[in-house]
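The structure appears right after this line, and notes come after that.
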Amino acid sequence: MTTEDIRRAQLERVLKKNNYQKSALLEILHSAQEIYGYLDQNLLVDIAGSLNLPPSHVYGVVTFYSYFKMRKPGQHIVTACLGTACYVKGVKQIIEAIEEEFNLKVGGSTADGKLSLSLTRCIGACAMAPAVVLDDQVIGKATKEIVIERIRNVLAGERDESV
Amino acid sequence: MNLSDIQRIAEEENEFQRAYKYRINVCCSSGCIPFGAFKVLKAFEDAVKELGVENICKVARTGCVGTCSIGPAVLVDPGEYLYQCVTPENVREIVQGHIVSGVPVTKYLYNNSGYFRKQRRLVLRNAGKIDPTRVQDYISVGGYFALAKCLSTMTPQGVIQEITNSGLRGRGGAGFSVGQKWGLVARAHNTPKYIVANLDEGDPGIFANRTLAEADPHAIIEGMIIASYAIDAQKGYIYIRSEYPLAIEALQKAIAQAKSMNLLGDNILGTQHKFDLELRFGAGAFVAGEETAILMSVEGRRAQPRPRPPYPANQGLWGKPTLIQNVETLANVPLIILNGGTWFKGFGLPNCTGTKCFSLTGNINNPGLIEVPMGITLREIVYDIGGGIPSGKKFKAVLVGGPSGGCLPESVLDAQIDYDSLKRVGAIMGSGGIVVLNEDSCMVDTARYFTDFCIEESCGKCTPCRAGLARVKDIFDKIATGEGELNDVDILEKVSEYIINASLCGLGQTAPNPILTTLRYFREEYIEHIVDKKCRAGICFKKEHKGDE
Amino acid sequence: MAENSMITLKIDGVQVSVLEGTTILKAAKDNGILIPTLCDLEGLTPYGGCRLCLVEVTGSPKLFPACTTPANSGMEVTTNSERLKSYRKMTIQLLMAERVHMCAVCVANDHCELQALANQLGVNHVVLERHFTREPIDSSHDFLVIDRNRCILCLRCVRVCDKIEGVHTLDLKNRSKDTEVIMDLDESWGNSCSCTGCRKCAKVCPVGAIYIEGEAITQTKHRDVAEFITARRNNR
Amino acid sequence: MSTTNTVIADCNSSSSSKVRVATVWLSGCAGCHMSFLDQDERIVDLAKRIQVVYSPLVDVKEFPEDVEVTLIEGSVANEEQLEVLKDVRAKSRVLISLGDCAVTGNVTALRNSWENSDKEVLERAYKSSEDLQAAVPNMVPKLLIRAKPLHEVVKVDFYIPGCPPSADLINYVLTELLAGKTPNMEGKAKYG
């Protein structure tokens, strides 16, 4: 079986588990994004067909919720929290520093596809603001120096040992 | 399973725990994990074994203690000794001193009695004290007794009556009487009925509900089952942000435990009552926390609110009567049932009973999750609990109620925490966020930041919120780049008033609050920006940051 | 059914009797009081988005959209207070400022509901700075054209496509100010597999956002098509 | 508004002098001026009561002081017009936006959708659509980045939208003003 077949089988299991219910669309999209990494057009056609939903409805739902991604993300993802506490504590400067250091823009990836930068509205880590998430790991009370160093380490292929 | 089984489990568990002289609670919530809570937990387990005290000392993984700024936090019972910023390196020293020698290691203790003194922990009664992954822990502190009491000795009407008596009001923001709401759904004719528990805490700067779910998931579930009995619902959903993996895990585990113990499913505790519970995941839409939008989202659609009437109590999920309740509200329910509505009225104010959880953040000495009785003043929260402003800076404003709350100055710090008083000064209870700003913050920029947030999160359905906020942003952009005119202040006021009154849902109806409160209390800063082209905090008039996705 | 009973309410001081379940908008219209609206269209599911039909109900500080609020017995409704008038003007201004609404160069000039309401309500200028969008015009379909720069997001087209034609080619993408009407998976109209080319979207569009190439606008606009079809279906 | 009206009423009462009226042509197609002339025989009555002191229709080079009513056609699209408009506003008691371009920007504002529209529009007009000697002329005043309706730059007293505005409406507004009344614009405006 190819990777594609395995993934499709995984998706099929999720669909079955949800009884092909139209109302489970969000759950299915969550799982699909987990399986495939992002949601591309073909996948959406597939899901729409399986649930017997109009494609425009599925597309509308995917684009409404900011958690769903339709573009392939970079190998490593750094997400800056733009919650109030982080904003007040100057996360903006950290974002600018990352943009400058790694030559990418918010919402985009570096040219080599190794790193993407995104923003999120509050990860609930407000007491240790400003917070930046690097590949599922929260960097609390972040400064631009710490964040850039951690990103460099991750890009250099070192395992992050600080947690 | 029935009531006597629950009692038996509680007794067994208490018996088991009494065998230990000490209990070390390691906070493993989202606030402490990034600082190495799991490593600390492991270190304690190892140290206890190595020092041969595993028979008198139990090491437990718990939820949030509430002091998120000093993580990882470790609580040692008896005596509630709170250790701060524990590292795997000093674990052995603590065990050696506190457990083996019986002398608390003072140099690592969190020495701040003020933080807890004015708090009153009802909803967070078990947070940091029990292991959220063990249902026995919850039962041992009286968990599911309230459910058993309802099912065995109370009628659904009786339950609703008790809740009505307690004066409990919805904690999700609007503050509607909970008893009344349950009554409406109970009286609705259509079946089946549904319950949706709202854990879509989309507000930036707020993490109270997440912490509750991480620390005490069974309290939420028990509250829901009791509600389902009162209104005769057979299916419930907990709608939770997908950004909360730990809370999701805790709830999933708790639901599975409840199912296996016959606390969920058919014939709950041997009675006729039937209730099933599922998690539904949000996907990053703040508006989905709105009452009608959450229904759309649970149905797998775009979370666009719809006008009320018809109210969800009559026509909610799939057109059926639906009770929508914030999880904090639900966590109060077991307490009220166990102790009675009159007991609950002893907390807070006569017309606003009980407590409220707040995430206290921003430029403050003791950030964290707090629970305070209604009626406490903002000043007490900022200075007594929060410990004031760090690094000798001056207080400037406190934001109460999330992105659509109000920015309040020093002069109204004596306002009480209750729905009406907050409204009077221009803020809202919202879902419970308090962010403290110091003199380095620009109020125009703050209002602009919240407007940006609300624009980003507007669903786009109604004209005032979608088009109105976008034009408000244009005006802010003008002011922040030095092109503002005095007339713009009047336009801001006029458009804000219109958006509040004409918008479809709570998001639009409250989105201009930060604008109106900053105009009310900090108008001179707007004038400075416009006339003198000056930003006293030095934030505006810089190169524009095009950050938002 | 209980819904067949008549109820009595006051609209602008006039006592009117309507069937229970009737919306305030319909109750007013049936009694000669026209409340402005852009999203509502008889025959389609009420939407409540444009906020033009907001009315005051005595005893409540809130405003209610007349198109979705059912008339209740004993209700006292005000449809045209000074406050409502100023809010309606603001709504029209915001819609005109949101995208490119330049009547002189629009296909729907003189047959546009937004233009007509602006004229009727006396919105003779827009105080707020206008925003100029730059969405490409999609004319890939054989005869249907969509110019999203003129769209006011009333969703009549989406609803007529779903409810009346029953294909649901159209829906919305994104949210907030970036909300747009899409076909299937945001494809160009010419590539849409599901579109039947029934033209109903063009017929009900209140403005010049969806139109038919080479056809006079007077030929295209038949905004009562939904009402007509729904009535026929109900009779059958 | 009340002060404006008294001013005009005052002028009116002294029958010796006619009311000084001006018309200005900014970025527009002159259609509004055509509509002004389209008042037909009513313009004869009007001429008895007003004196056109500045207009593209008369040969006066400088905008005079103390004008009672100025009608402006067209949007503000370049820096020269910006200056002109400010000057006109300072010298006029009542300023009327005449026609859609003055009220909304209309056709002239369609370029606002483009980023750097001031440059792009010149490129398009003088370069990409020309085969011979394609070059942007240097005597054109610098374009503003957006073409603006008048009220985004100066205070405007009355608005007569329309493309072109109806001659009847122009006549109505002027007649009312000359009679010392405030024109009631409700329901009379007509865009497009």
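Each chain gets a letter, A, B, C and D, in the order it is written, and its residues are counted from 1.
As a working rule, a residue touches a chain if its C-beta (ideal position, glycine included) is under 8 Å from a C-beta of that chain, and two chains touch if they have at least 3 such contacts.
These numbers come from a predicted model, not from an experiment.
The pair of chains sharing the greatest count of C-beta contacts is A-B. Distance between chain A and chain D, defined via averaged C-alpha coordinates, is recorded as 54 Å.
Centre-to-centre, using mean CA coordinates, chain B is 39 Å away from chain C. Averaged C-alpha coordinates put the centre of chain A at 37 Å from the centre of chain C. Chain geometry summary: the mean Cα position of chain B and that of chain D are 58 Å apart. Within chain D, not a single residue touches two or more of the remaining chains. Of all residues in chain B, those touching 2 or more other chains are 285, 302, 456-457, 459, listed in ascending order.
Across the assembly, chain A contributes residues 57, 60, 64 that each touch 2 or more other chains.
Checking each pair of chains for touch leaves A-B, A-C, B-C, C-D. Of all residues in chain D, only 97, 100, 103-107, 109-110, 112-114, 146, 149, 151-152, 156, 159-161, 163, 185-192 touch chain C in the complex they form. The touching residues of chain C, counted against chain B in their complex, run 47-51, 54, 63-65, 68-70, 86-87, 90-91, 94-95, 97-98, 127-129, 131, 153, 172, 174-179.
For chain C in complex with chain D, the residues that touch the partner chain are 96, 100-106, 109-110, 112, 115, 118-120, 122-127, 129-130, 132-134, 149. Put simply, chain C touches chain A in their complex at residues 162, 167-175, 182-186, 194. Contact residues of chain A toward chain C in the complex are 41, 44-45, 54-60, 63-64.
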